Amino acid sequence: MAKIEDLKEEAKKLLREGKVKYIIGYGAGSNGWLAAPLFIKKPEDVDKLVWDPTCVHNLVRFLVDEKRRKARQKQPDKRPVGIMVKGCDSRAVVVLLQEKFIDRSDVYILGVSCEKMGVVDDAKLAKKLAGKKAKRVEVDAQDRFVVTTEDGKIEMAAEELLAERCLECKANFPVIYDLLSGEKTKRPLDKPFGSLEKIESLSAADRSSFWKEQLDRCIRCYACRSACPMCYCDECVVDSINLAVTADTTADEKAQRIHWIQRSAESSENLVYHLVRAIHLAGRCIDCGECERACPLDIPLRFLNKKLEKEAKELFGYEVGFDPALPALISCFRDEDPQDFIR
Amino acid sequence: MAEDYEPRIVAFLCKWCSSAGSDLAGVSRMEYPPNVVPIQVMCSGSVSPLYIFSAFNKGADGVLVSGCHPGDCHYIKGNYYARRRLNLVKKLLEYVGLETQRFQMSWVSAAEGTKFTQIIKDFVKELKPLGPQTKLRRNP
Amino acid sequence: MELNVYTPQLAKIVQTKDEVVGARAIKTFRTEFANGARFDYRCGQCAMLSVFGKGEAMISISSSPLIKDYLQFSILRTGRVTAALHDMEVGDLIGVRGPYGNGFPMDAWQGKNLVFIGGGIGLAPLWSVVQTALLRKSEFGALSLIYGARTSKDIVFKDELADLKGQMPVHLSIDVAEPDWKEFVGFVPTNVLEKKPSPANTIAITCGPPIMIKFVIKNLKDLKFEDEQIYTTVENKMKCGIGKCGRCNIGFHYVCKDGPVYSWADLKKLPQEY
Amino acid sequence: MKRTGVFICHCGINIAGTVDVKKVAEELAKHPSVVHAEDYVYMCSDPGQNLIEQAIREKKLDGVVVACCSPNLHETTFRNAAKRAGLNSFRCEIANIREQCSWVHKDKPKATQKATKIARSAVEKVRQNESLDALSVPVTRRALVVGGGISGLQAALDIANTGFEVILVERNPSVGGHMIQLSETFPTLDCSQCILTPKMVEVSKHPKIKLMTYSEVQDVSGYVGNFKVKILKKPTYVDPAKCTLCDECTKVCPIVVPNEFDLGLTGRRAIYIPFPQAIPASYTLDDKNCPDPFTTIACGKCADVCNPKAIDFDQKPEIIEAEVGVIIVATGYDLYDKENMAEYGFGKYADVLDGLQFERLCSASGPTMGQILRPSDHKEPKEVVFIQCSGSRDPENHCAYCSKICCMYTAKHAMLYKHHVHDGQAYIFYIDIRSGGKGYEEFVQRAVEEDGVVYLRGKVSKVFEEKGKIMVWGVDTLTGRSIEIAADMVVLAQAMRPSTGAQELAKKLKLALDKDGFLAEAHPKLRPVESVTAGMFLAGAAQAPKDIPEAVAQASGAAAKAVAILSQDRLFHSPTVAKVISNLCTGCGMCVAVCPYDALTLKDGKVEVNEVLCEGCGTCTATCLRSAIQVKNLTQQQVAEMINACLGG
Amino acid sequence: MEKILAKKSFPQWVKKLDSWRVYIPRKDEEGRWNYFEADGGEVSLDVLQTTLPPKKILFPQREVFLEFAKTLAGNRETLEIKEVLPEVKPTVIIGARPCEARAAWMLDEVFGGEFKDVYYWKRRDQTTLVGFACTTPPSENCFCTSVEGSPHSEEGLDLLLTDLGDRYYVQSMTAKGEKLISAAKALFEEPKPEAKKQVKAAHAESEKKIRRQLKDARPIAQKLKGMFDSPLWDEESMSCLRCGICTYLCPSCHCFDIGDEVESPSPLKGQRVRTWDTCQFPDFTMHSSGHNPRPDKASRLRQRLLHKFQYFIQVYDKFMCVGCGRCITLCPVGIDIIKVLDKVRDHGA
């Protein structure tokens, strides 16, 4: 993992000179081993920044909050926000730029490269520890993980703890940044969509029961869409109520709000909700894995999004998150797009 | 499956080609099963994935989207967007275990009454052995 | 059988009247219970109305509890349920449950002058008090009404207000001048300052948009009304109507159950979350 | 909307024979928004329409559904009826229960159930229809005609003769198109140039026609009645006003290139006049070949000998902007590429020609002054093989379609050949003969009977050169005999293709192409001269292979359509266009990217609709992730309810 | 009543409860704990914290209130309303944590009072809660002792089981609890005096094992009254995602929505249902005019904390937090209610 001393220096300078409003970074969490989002307004707090494999969050999500905050303010502070991004997170920035949700001048991007590492998968860690609780997770000089529990330290090979998405990462370094910490090293990648094979190889009936079992657990807490930087709509199409209401919204508009699905957490409604979410993220999901991580019921949501990422690549040669000038996946086509499924 | 099971199909037909093709089937007095209820849309490009999910959610056993042949779109290129978007929808539905036969897309021109008829016949025939669609359907 | 607090009684719409048409349409409904259910309530209380298939909306009752034949509601077309209500006609069935909330302490006001200050649809909850006060006229001192709306077209109860003028001073206002308007032009709070109701032995009761209430209260204070002399109602989003669903609270008060009527003395102690 | 009326048409027994119309009316009456439902034997009849009008007035209906035949037939009828009764015409919807129900089913209960669903779905739609008024825009009373062949010339003249201005754009130095290259025309054997040149002259002298040759359409924006076009005027380096047509320049020009007019059978200089009767009558210095691409030096000899000093090397390309109300596209055809017909030795053997080359050989103004001679040795060919369907009607290898005119012109060629070479023999290989047309069949008969042309039914399997002869092998499928002809010349009736560059132009004009690359008409039967874009019309072979009379007819048709627009004060446009729900829009621009009409733009982070450009296709709706853009009267809310109605019950 | 139940007899006892619907926590293949209906399979109380508390059994996420349908009799349209009360079968929740039972004891207040919630009480009255004292804290974020609870608290419970190695010490607090014992009398023994001593010691020991602490919860409640407008809420809510995890998974959170679900628009047919809702969703308090009294994350975080630590105390003199720590453990961005309240306590100090 990159050392971030140079980044801290820059952060201090930015805050001291008032070039950024604040900096979104990672700090130590108070609950267990995981880092937590940290919002730094003062240069003296910069030393609270941490960078290690527990920095799993996609902080780009908070740019959405920042935009909403600015929209509420009468005279918003137009200075950029500093933000720490990993490779995957940086691709989220690219998508937000592509969709003109933010302007390049809204952000000062402090890129950190995961280099050969990535982030820890909490489910994998929990399984390894079988009930014990980790206090710290660190990386040693040999790029192995060292997990500290109440009963002492356990060493593990990186692959055993790294999130699946990190093992399938296309670029484990930021693709857009103002300052980059670390090297642009790439992990060799044989099967970029290898983790899907398990589900793809099932029969239709088995896939159906797999997803039913998974999605029946959903309680519609909407943590998945709340954690997602691409789910920035003010009003989600699956919501049955209007959220984006202004003085101009007519009673008819409110009355005509479509009930695509019910709020009730039932099998069919959960499935449709997640299908809508998946299709809306097609060509937009950059595989930061936050939806899956945030899910309290451990629904493997990443498999839905990753599947469409794979199809976009294989059917249309579309790769998301590298070029802000690219049209969106569904707002372009190629004459040779496959149509073997059409009669 | 019970012999008298009749699948319920919603067909989104673009106004200029497929709906006209379906009209031609009528004018030519071709016969096909009455399982399909058509919804005329302006262009296959306007068929949102939400329509498809919703139709299945409200109880459709099959959904058909039919538009103009490539290059033939009344709106120049709407069917190309539809082709890309609905391919993703199809892949996604199959991925979550919906039988592949349940969602279909076709190109039917205004002159292809016969083709339209054949597509509906085949669709109904393929859906019958599958029985009612329960996966996306609310309160099946 | 145990009473189910969530089950509405069926009521038939027996009369409708368009008060205001256009984008901010207001319609007045009178309903009668289909099965002769009893419904005793106090001025200022609300009822939860159901349009089956659309949902429920909490609406204040604008008829006087002394009139037992019907319930009257004046409803602004603003969302899914109220839009559906506006589409209903005489003979259609809705659901009614309630009454909910505390209501105005009319008995405590005996012997006092009452000045009603309303804006827009805010006249609806006041109307129940106005009607009741008229029916019990001997119990109160002088009555008067200050009421305003954005335009003359937005004024509700136009005919009733004309009749009311024979029974108490009625001061009307509109926000922006119109050719045929003879009365005050300006906002309601300004009209309050203009008409200068005396605080002596008087209770001021104000209903209307939050911003209007805020300035009415400020102006009443300037006219030397004490906090205890000012009453208002609070509106918040409600679902259950009985203090359980958790959304309409201001501080530890559930507006549906502990409100919606507050004296300014009580209200100002609570968080301003409405 | 609460007060919907539903009217169910029996259409005699067309509907009532398979659909229990009473039952449908009964079922629809149960719908909460339906206050009136009735059936009648012929809704489209006057009494039927009266029923509708009466019900609207008496029951204060705010929506009408007529369940009857396809909306393509009587939508206007019933919308007008609704309008007469004081209802906005967009509050009337058609439920198609004939073409899409009664005519295609036999089981009455099931057809009745389906008809009920279709009608219910229409009720759900109409319930939420907005009252709309047609959008209106002023008209620029000027036409643009693209292409100066016979179709373009005819269209331009027809429009100009009604008094409207026309801009005629032709990319070549002269108008005339392919027709001017022809020698005689079938079936009358008129001299092609003789009948065309008067039209060319008329165009060039017409006060209402602005002729722009050697020019190309670069860009088109706007919408029907109000197009803005950019036309690139390429420099000719010769001032036609000064040029006296003395032809001194060509004599000194050192650069020789193949002559397009003679299809490469002859050469021309870099400074040239395409043909003697060219309009405008002026020389063009072809800057692709001068200066010589190899030496890159302009020798300037032409300027030296030009007495009137008409040559100006400083001319620059010019972009001319113009506003027009309508556009007629008449970009014509080209013949199928030589490279593609290598199997017939085309391009390999000098004496294998295509039809147009043969026309030049026959033409009195041609390279041989009307004598038919072999290009290889200038000898008179004694045996000539004509091959029809060269590249046509061959879906596996070439074009799937029939090029339509080849049967006729091949007969003409064979005939002309016989007229020139009396002792020669003409053979025609054909698949079948398509001679539909006035005097066409007689013409073919004449070729056989009077001129002794030998028709051989079958395909040519091989063409190769042997001892100065072109050997043609084939099979006569009528007799089953193999045929071997040692020919002196082979003429291929090459397939017709859309002209080069037509595809690019179609993109600029946002016109649709059919699968073969010809411009697509709005409706194959009912709107054959209109394009899919309002205000743009098609004429001639750009739309499909056709012969001269057909091209002229279509050109006149297109001109009539164009004039119909130009003679309006204001134009009306369907108001069922996109609308933006602004507070949901995040300004991502995905809809802007998909709009086929550039009707959407981003402004201050929100999308705006140019209602006049929008055609209401709804592709934006399906693209928007937030349902923030909807097509009026076919909103997602409406479709959602329609889906419900289609599945319920 | 106090009894001893041998651990090996525990499964037999569960089997004997066949006239009840029995819920018990179980681990699925992926290692997630949850309450499941006992299906005759293996049962044990070797349980860590379930993701979802047993709240969902007393207060299901979706509950049908009534069914409505329009029917056409002849030409007369009628609207039929049918109340749907929950099916009432006696239910036992075995292995509920004492804190989870305390939450039920709080929900009893909410759903009781002047307007009794029949749907809740239909279930509640039929439900017997068998608690399992936390001799090992089920979560590292447990802090029940800070909010007037304990790993062996009895509020809301009918029976409390305490692990004494090879036996459970069984305390019955109610007649409902005793009924469960009577269902398999033979399996239970009278406790010996030393067992009583053991259980006391175990309980005392269990309190010490609680790792996290919120000091001075009552004074914090007092202090909160003055902190409504503090900038603290904004700072602490910066990382909030506005998801519903903290509240949906909270044993005591009970906010709900009532809405109509239409099955068929024509002829009208549908249900009125109650579903869970949460103060953390922006639409929760939004008026139909678009005005929102709690427009931002700060006001929503404040509402969650004040509801639990101020308002509820003002009305019922109880915290509306049982200290189970779920909101801390499962918050995707590590918002820690203890840390936030620590800041409240230390605010201005």
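We call the chains A, B, C, D and E, going by the order they appear; numbering starts again at 1 in every chain.
The rule is simple: a residue touches a chain if its C-beta (ideal position, glycine included) is under 8 Å from a C-beta of that chain, and two chains touch if they have at least 3 such contacts.
All figures in this text were calculated on a predicted structure; none of them were measured in a lab.
Think of each touching pair as a link: the shortest run of links from subunit C to subunit E has 1 of them. Closest to the protein's overall CA centre, chain by chain, comes B.
Ranked by number of C-beta pairs in contact, the top chain pair is B-D. Centroids of subunit A and subunit B (each the mean of its C-alpha atoms) stand 35 Å apart. Separating the centre of subunit D from that of subunit E, both taken as means of CA atoms, is a distance of 72 Å. One inter-chain figure worth recording: subunit B and subunit C are separated by 53 Å, centre to centre, where each centre is the mean of the chain's CA atoms.
In whole angstrom, the spacing between the mean C-alpha positions of subunit B and subunit E is 47.
Annotation for subunit A: residues 237, 245-246, 249, 254, 257, 259-260, 262, 266, 330-331 touch two or more other chains. For subunit C, residues that reach two or more other chains under the stated contact definition are 78-80, 82. Along subunit D, residues 594, 623, 627, 636, 640, 644, 648 each make contact with two or more other chains. Those residues of subunit B whose C-beta lies close enough to touch subunit A in the complex are 49-50, 53-54, 56-57, 70, 77, 80-81, 83-85, 87-100, 104-107, 119, 122, 135-140.
The residues of subunit D lying in touch with subunit E in their complex are 30-32, 120, 124, 641, 644-645, 648-649. By the touch criterion stated above, subunit D contacts subunit B in their complex at residues 70-72, 96, 98-101, 103-107, 110-111, 113-114, 117-118, 121, 510-515, 520, 522-524, 532, 594, 596-597, 615-619, 621-623, 627, 631, 634, 636, 639-640, 642-644, 646-648. Residues of subunit A touching subunit D in their complex: 99-101, 232-235, 237, 244-246, 248-249, 253, 256-260, 280, 327-328, 330-332. Put simply, subunit C touches subunit A in their complex at residues 23, 25, 77-80, 82-84, 86.
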